[in-house]
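Labels A, B, C, D, E and F are assigned to the chains in the order they are written; within every chain, residues are numbered from 1.
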């Protein structure tokens, strides 16, 4: 009898601990743990002003400019709502292209541009042959035009 | 005598023993201070750099100091035969283990926490940043003791235990380190550190609830 | 049997004891690697920052690894009574102590030195910087073993003096660290690291010449 | 008597399991080879080129199955360890011991192929991103498990100590798996999930699945072979020691 | 009543003993004998619940000792082959702490009396590290005067003791048995126990 | 010839003994007696040159042992109250290393013979950690068969040995004495030495 009560008490303590831990973890997921921001958040001033952080988004088509006699490149990262200008000097990854996904890491400069020390290409989780991608794009275009109409 | 009274005596014993062997305590604290102060010396004291590195360096140093002190947690008791007597105490072993871990934290963890604001200010952290750093250490160092105890118990009596402990325990320390240093970095970047602190809290709760059981099991195995 | 033959057997014994388990050696290296890798986690992996921190981090990690392994230098022999037998060997004690320290360095120091360039490159050091860093470790780690041995011998068994001893010996590590990390930092800043390296060399020569005597004296006192 | 009229408990004894394992090995080896060859054929010859990554993406056929196996093997290993602790079954511990090296191997494979893949696609070998870090921790857990086991002389103690460690480390597996959902990181999210259609062209998917099954069969073969070694070694030790004892 | 049935012990895959059966009742002393390495210490550790047997059961007052650990441990005094002292605590503190951790409440006066008994009263404030081998053993011995638990399991308690201390321990064992206690012990000094060795168990090694 | 004159030993400000004088000649065995804590171990450690006396001299073949340490150490075998084994080395390696470090060159065959003698030949490849208390002591004992040094100083050599091992050690001591050796030892099992205890020294404590 007594031993059973003790065991129940231990189980109760374990469950309570699990509950509290879960609550804390859930609470944690509501905040930004990995310093990853979208251009909108950056524009709203939510991103850290002093620290190093990451911005993820698409490279705006037509925004990529290379400096004449150095490795410096400038481009704009956008989440279609807001844009952030990025300055980077270094080699860009092979899969980096206008319209493609990217993750840049660095700090905000005083003029509001983002000085990246690392630029990475990020792609989505879709794998398909080029023809399929083309077909899909076609289908989407049709869909949007239909929607516009 | 009831369980609580026995556990109180155990705590008394543990504190007494470390007070008698103050050199261990001093060595660990000294190591913490040295490895933290080395950076301004070795890296060159450029203030902006120091401010960025500060929290991370303090956290890594705290983690390594706690790890250095883990050797003493059970090994001495094991060698002189008193661990057998602890296993035969008329209280649940997991409770006794909790008390030992608490004593370990009081002696080796708490002083680090108390020293942290001073060292933090040395790195040019603001009061607020130093505060968050200290709080993250306060939440995190008990987890380090709790996790470390499992490793220490698993490697009891094994040759090369000191290094093996590091091997077992460091991977489990990584999350504590990431969230601990992350909290401080967040506050340095003017973001709320609450997310990281919540995770540290979650780790602490889980560690307190389940760590002593794993440690107790490991001790029984070690003495088998 | 002449002195040399006996010392050779002592070396054999020491190597045998440390190499009895292959995992032991691997574990030391692993500890070194992982504690070095913790820093980017804590501080954030900003390349320019890492390059600056690199030498200091590697040096602190090397110091830690050596310190972790120092515990076993005499304490085990003291506890199991074989230290008395070593004192009664028909060779000068300082020589025997030197052999023990040499064995310790061969097993725990040298591998760190060999690993250092790889880890240095991970921190983005140039080849030349990594080379200087490695050379500074090659000069410095034997001093760590030599100085550590004095501390290890002094702390054997003695209680009252323990704190004092820790305070006396640990600061001796500071110059080694400062010059070691300093040499690498100098070469990173395109200054000649020669000054720091010369000082490391001086420490090593002094340590080799006098360390074993101090250690031998400390051992005799510990066993008196 | 249990399923199929066979007393399965009989095989919980290592001596009885030894020949059974021996009989199972060739079958699984055959399965592994067949699946492996067909998987490789599909992935190298049939699967089309990817629209974004070109040919590089073919690393997927090693990377993804290896990453899956690394986590799955850890779960199985911890499961065996838990059963061993609960029921005091020697064979369970031996299974856990036998699985660890293969698990470590797949973890390493996932890490290596991942970073080989990361260089052309992301532009870096390594970032301290949540998934990559937790996968690295997994490797360290495997190594720690093996180091602990080999450092303890007494096999009984080694088994149990390793089991405790394996169970403690289990928390890491869900972190690896869900890290891409919990944290917005560089590593891509799941392409293949149970709750929705795979975001992958069918031949690619088949390649990945066949390779995963092949790795699975391979794991079983290697684990069985290793467990036979462990059984034999311990039996020899026991025999040798008993003999030694009788002659004293 | 301590009942041992069909006990088997494996060490490193080797069988140290098997099919060991015995019962220890109140007022009985069991002397475990056997050559060096025959498994006496291993047996005593199993009896104390510190290690698990390969097979067989040990039960105390009808319950398996591994199931009813807490009740058993409250009735047991185990003294392993080391004296289990903390070198950094003084003689008095050592005695205080061992008895308190075993759940025994005693007046300071009786602690002093126990030290007096084993001839260590003079050394009460000396750190245990400074004691001689025999004095360490005597300090371990002192706890027997504080302890009323029924079952004593003692591994080589006579080691390093001088003749008067041996006599002292013998008389304490006799009182304990007379009070209805039980003792299981090992010793190679067999002459010592001639008087009260009620049962002996031989591990043939 | 070992000559001890007016030896005094202080420990923590307490005088353990003073004015101890004796001579040990070839073929003589000195049995140091005394209650626990009377200073036997302290005396033996001084005789071995491990600790220094408060006053008085110990000389070996006419030279003070602290001045002519190396010569003395070459003639001395000291066995402290622990068996001085490395747990991680095997039984055979332990024996090999202790003899080599003492400067003794022996053929592998004689190492084996010594292990055979103490009944550990079958355990030659077992790590010493796995030995029982008594087996560890037996291993320490084995070195006596390899050693021709004239002066043996043994602290409690009979501890933890079973009866056959005790007899074995006694016969080895006799041979050593017969060969012109000298022995200084302590033991509480006094009956054991009745046969050859040529001299006894009493430390009254």
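In this text, contacts are C-beta pairs under 8 Å (C-beta built on N, C-alpha and C of every residue); 3 or more make two chains touch, one makes a residue touch a chain.
As the structure is a prediction and not an experimental result, all values here were calculated from the model.
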For the homomeric pair chain E and chain F, should the interface be classed as same or different, according to whether the shared residue numbers exceed half of all numbers used? same
Through what angle, to the nearest 5 degrees, does chain B rotate to match chain C on its C-alpha atoms? 175
Going by C-alpha centroids, which chain is farthest from chain F? Tell me that one. A
I'd like the Å distance between the centres of chain E and chain F, where a centre is the mean of that chain's Cα atoms. 29
Separation of mean Cα positions, chain E and chain A [Å, integer]: 66
With chain centres defined as C-alpha means, what is the inter-centre distance between chain A and chain F in Å? 75
Counting only Cα atoms for the centres, state how far chain A is from chain B in Å. 34
Which chain F residues touch at least two other chains? 81, 87-88, 119, 130
Where chain A touches two or more other chains at once, by residue number: 29, 33, 52, 118
On chain B, where are the residues touching two or more other chains? 20-21, 52, 159-160, 164, 167, 170-171, 174, 178, 185, 224
Show which residues of chain E lie in contact with chain F when the two form their complex. 11-12, 34-41, 81, 119, 123, 126, 130-135, 137-138, 156, 159-166, 188-191
For the complex, give me every residue of chain D touching chain A. 48-53, 57, 60, 120-124, 127, 129-130, 182-186, 188-191, 199-201, 204
In the complex, chain C residues that touch chain A: 44, 46-48
Interface with chain A, chain B side, in the complex: residues 52, 179, 182, 185-186, 188-192, 194-196, 198-199, 201-203, 205-206, 208-210
Which of the residues in chain D end up touching chain B in this complex? 85, 133, 137, 140-141, 143-144, 147-148, 151-152, 156-157, 160-161, 164-165, 167-169, 172, 175
